[in-house]
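Next come two complexes, and both contain chain A; in the first it sits with chain B, in the second with chain C.
And then the complex of A and B:
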């Protein structure tokens, strides 16, 4: 397990280094002056620019400039937003929790519904439920997410009036940000209307979560179906059948666990896809997250914001990847120990 | 399979022919393939068959509902939008933009990806390992974010988003080509031609590509459905095709303000995107199924 952890961590550090290299090279590629792109100081006087140039080792070679950029990153300095002239780190910290909340809830919802339905499809392989589920899955990952979001707002917010269409919480409630995650903050606060606020925040969360979760859920259905079919085809299932176990015993005790492990391994790969969907959904539902901020910053040519957003969002994805890798390794002993005797 | 041997010579279908035989088995796939061909025909003949120009304004027919509703007019079969432009013509011409361009995008990134992928399969050691990890980094950045960054470098506009999507799609082709080429290189028939003295390039051209092309095509259909969705999403966000262009995503964004009074301006382009993505996915599914069947036999 120690070796596994070390290997994962070294890979993580290497990946982050490559990512910073990418973001550093972006400051050259974006239109405009490289130093201004890197720091976001649009209105700096020549003297201030000289100080900044000194700060970022501009008089030395590229390698030295890169290391000084890394040094700034490690101290949490990502420059200033060209648009609002606030530090990028503050801007990101204000918005990242909303995205984390939306994407994590959506991921859990997608897994919670997608995986069991996929197992169901595999159990009824080539029968009516299987075909039905496959059709729904095909439609689910083919729907353009912005269209789905608009339709959801039209039906559930405007025509039926069941759920709110925009924002994270009604403006009536004042919640002290502690962790930044809205639902947890509400529970931590000592507001007397705590439960009303909690209900309101949940109602705001439902529609965006469903819109974000639909496509990943259908992909999980397909992954779970394939995994379950593979497991049901193995020898140990045949042995269990030969032992005379009932069908439900085989499914619950033997097949489901092994199939679940196979699905977990692929969940991480879907997460980048989920973030893409969440970025568009945030725009449609006016969700105050980092995706909407990034898309707005491209309208405003806020290059510093785009670089910062790239680093933060990708790091978030890598961390989720690693967490999922660890969950996978914890569930599956074969993944943490090297195969003995295998090539 | 029973075969009456009337003639002495035996006929072995090429890998692509075998694929086609397995591919056309399930009826659903054939329907999907039919829709796919239909879309290609629409995209090619868009200017010829669309009844009106995509930018022509019919000012006395603003926001006309589709012909099947009571206020509809049969000369505007799918209604008109807020500037009196015929929806049917715009949708047909949008086919050549959203769907047709997605094919071009995929072919371009396939070509570039295959070249890089086969070169990297032939190298080994630290260069190859670096490329591998670099690709992993690129692959784990959300595709839309990557496209946005490239659009930020190049500036908005339809042409630039196409470049962006080409670059976003390249890594997956590099990845799949590299793995497929590596896998084939380990096989005995490659060793046989190597013993005959064939160079690596010759082996790639004559032994390996015919055997991996169907894997690449099946990846290409996956990439194409992603490309359609990405072109439409960037158009919707206002970073891709400019509003007057009949690109489906941009049409949808244009209709959003009028959604409540003229819902057809939003649900028709959405349905068009859904239809083309489903058709593409059905073709891809059929392809993967056929590959699996051929492997099992």
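And then the complex of A and C:
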């Protein structure tokens, strides 16, 4: 397990280094002055610029500039947004929690519904439920997010009026930010309207979560179905049958765990996909997350924000990926073996 | 009374076009306490036959038999559920590739425990759990695994092949079966381990009077351990008789070739001369010859062989061939 952890850690560090390299080179590739792209200080006077140049080792070679950039990043300095002239770090910190909340809830929802439904399809292989589930999965996967989001707002917010269509929580509620994750903050707060606030926040969460979770859920359905079919075809299931276990015992004790492990391995890969969907969804539902902010920055050519947002989002994806890897290792005894960690 | 008596068992692979008989009218009888070898080249349908007996073949196969008696009980007349109940109670099977037959994510201990028959346990559920644990450990002792503490905590990939095979045997013993079907129990094992497994099986046979159906592709390897042998080729019944009859006086050209190709039977022949083998190889399922499936490879084949031969019985030595080698001995 130690070796497994070390390997993941080194992979993490290496990937982050590559990411910073990419982001650093972006400052050269974007139009305009590289130093300004990097720092976002559009309105700086020549003296200030000279100080900044010194700060970012501009008088030395590229390598030294890169290390200075890394050093700044390490201290949480990602420059200023060209747009708002606020520090990128503050902007990101204000928005990332909303995205974490949306994507993590959506991921859990997608897994919670997708995987068992996929298992069901495999258990009823080639029978009516299987075909039905496959068809629904196909449909769900091919619906464009943008269209789905707008349709959801049209039907559930405007026509039926059941659920709110924009934002994270009604403006009536004052929530003291502690962790930044709103649902947790609400629970932590000692507001007398705590439960109303919680309900309201949940109602705001429902539509975006469904929109984000739909496509990944259908992917999980198919992954789970394939995994379960593979597992049901293995020798150990046959041996368990010969041992005299009933079908449900076999499913619950052997098939589900093995199939689940197979699915978990691919969940990490799907998370990047989910983030992309979440970015679009944040725009549709005016969700105050980092995705919407990043897309706006792209529209407004806020190069500093693009670089910072890129690094933060990728790091987030990567951290989730690693967490999922650890879950996989915890469930699968084979992955914990030293020689197996290379995967 | 015969323990098991199977007449004309066929296993058909369901396909879109014409059905394929992977196993074609095979007979198998066993007495109580008997060790029978089931021998045939790779691909002759031995594993299929064994899996059909324990009833674990999936839907793409259809099993049919004229007679399937278990201790005088006609299983063909029972519903699938009743049949399964009887078979799982009395028949245990260890599969080819022991490692693949253990759930890779469940510890050996848990897998052993769930094999223990609930009827053997008494008391409340926490007492039962304790008893289950103890039963699992006893089973490991029975198959000669002494470090049970390490073993129950291990996962299958942490054990060697031979150990996995012992665990599989332990699991098979959990229900105290009357018949143990061992499908190539020693394949891919070193010869010292092979000997240990065979000795273990032999001792189980003697101490518990457990019948064993020993499946192997190597005729010579099983002859030390069996009382009787059934030979199969490409899904067809070839020959059955006592080990001596089969090994010393094979009547069927195929058995003859098997015996002749084994080095031990050839000690009399001069050094460095070629071993007698049949030309060609076993046909694949999609291209089975009609009639006697050995036809294309058989040195004695004649026109009559395009019709499947009837089984001939010579003093309980059964052979399925139009032109048995009976006269060449005597």
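Going forward, the second predicted complex is superposed on the first by the 337 of 343 C-alpha atoms of A that agree within 3 Å, B and C clash if a C-alpha of one lies under 4 Å from a C-alpha of the other, contacts with A are read in each partner's own complex, and residues count from 1 in each chain.
Just so it is clear, contacts are C-beta pairs under 8 Å (C-beta built on N, C-alpha and C of every residue); 3 or more make two chains touch, one makes a residue touch a chain.
A quick note: this is a predicted structure, and the numbers were derived from the prediction, not measured.
Superposition of the two structures on chain A shows chain C fitting alongside chain B with no clash.
In the superposition on chain A, A:75 makes contact with neither chain B nor chain C. With both structures placed on the common chain, the touch criterion links A:242 to chain C but leaves chain B unconnected. In the superposed pair of complexes, A:253 makes contact with chain C only, with no contact to chain B.
Judged by the number of chain A residues each one touches, B leads among chain B and chain C. Note on the superposed arrangement: chain B and chain C approach each other to a least C-alpha distance of 6 Å. Chain A uses no single residue to touch chain B in one structure and chain C in the other. Residues 11, 14-15, 18-19, 22, 26, 29-31, 138-139, 141-147, 150-151, 154, 158, 272-273, 275-276, 279-280, 283, 294-295, 298-299, 301, 303, 306, 309-310, 313-314, 317-318, 321 of chain A are the ones that touch chain B when the two sit in their complex. Every residue of chain A that touches chain C in the complex is listed here, in rising order: 233-236, 238-245, 249, 253-254, 257-258, 261, 331-334, 337. Across the interface of their complex, chain A is touched by residues 133-134, 136-137, 139-145, 148-149, 151-153, 155, 225, 229, 232-233, 236-239, 249, 252, 256, 259-260, 263, 266-267, 269-270, 273-274, 277-278, 281-282, 285 of chain B.
Of all residues in chain C, those touching chain A in their complex are 51, 54, 56, 58, 88-89, 92-93, 95, 97, 100-106, 114-115, 117, 155, 157, 168, 171, 174-175.
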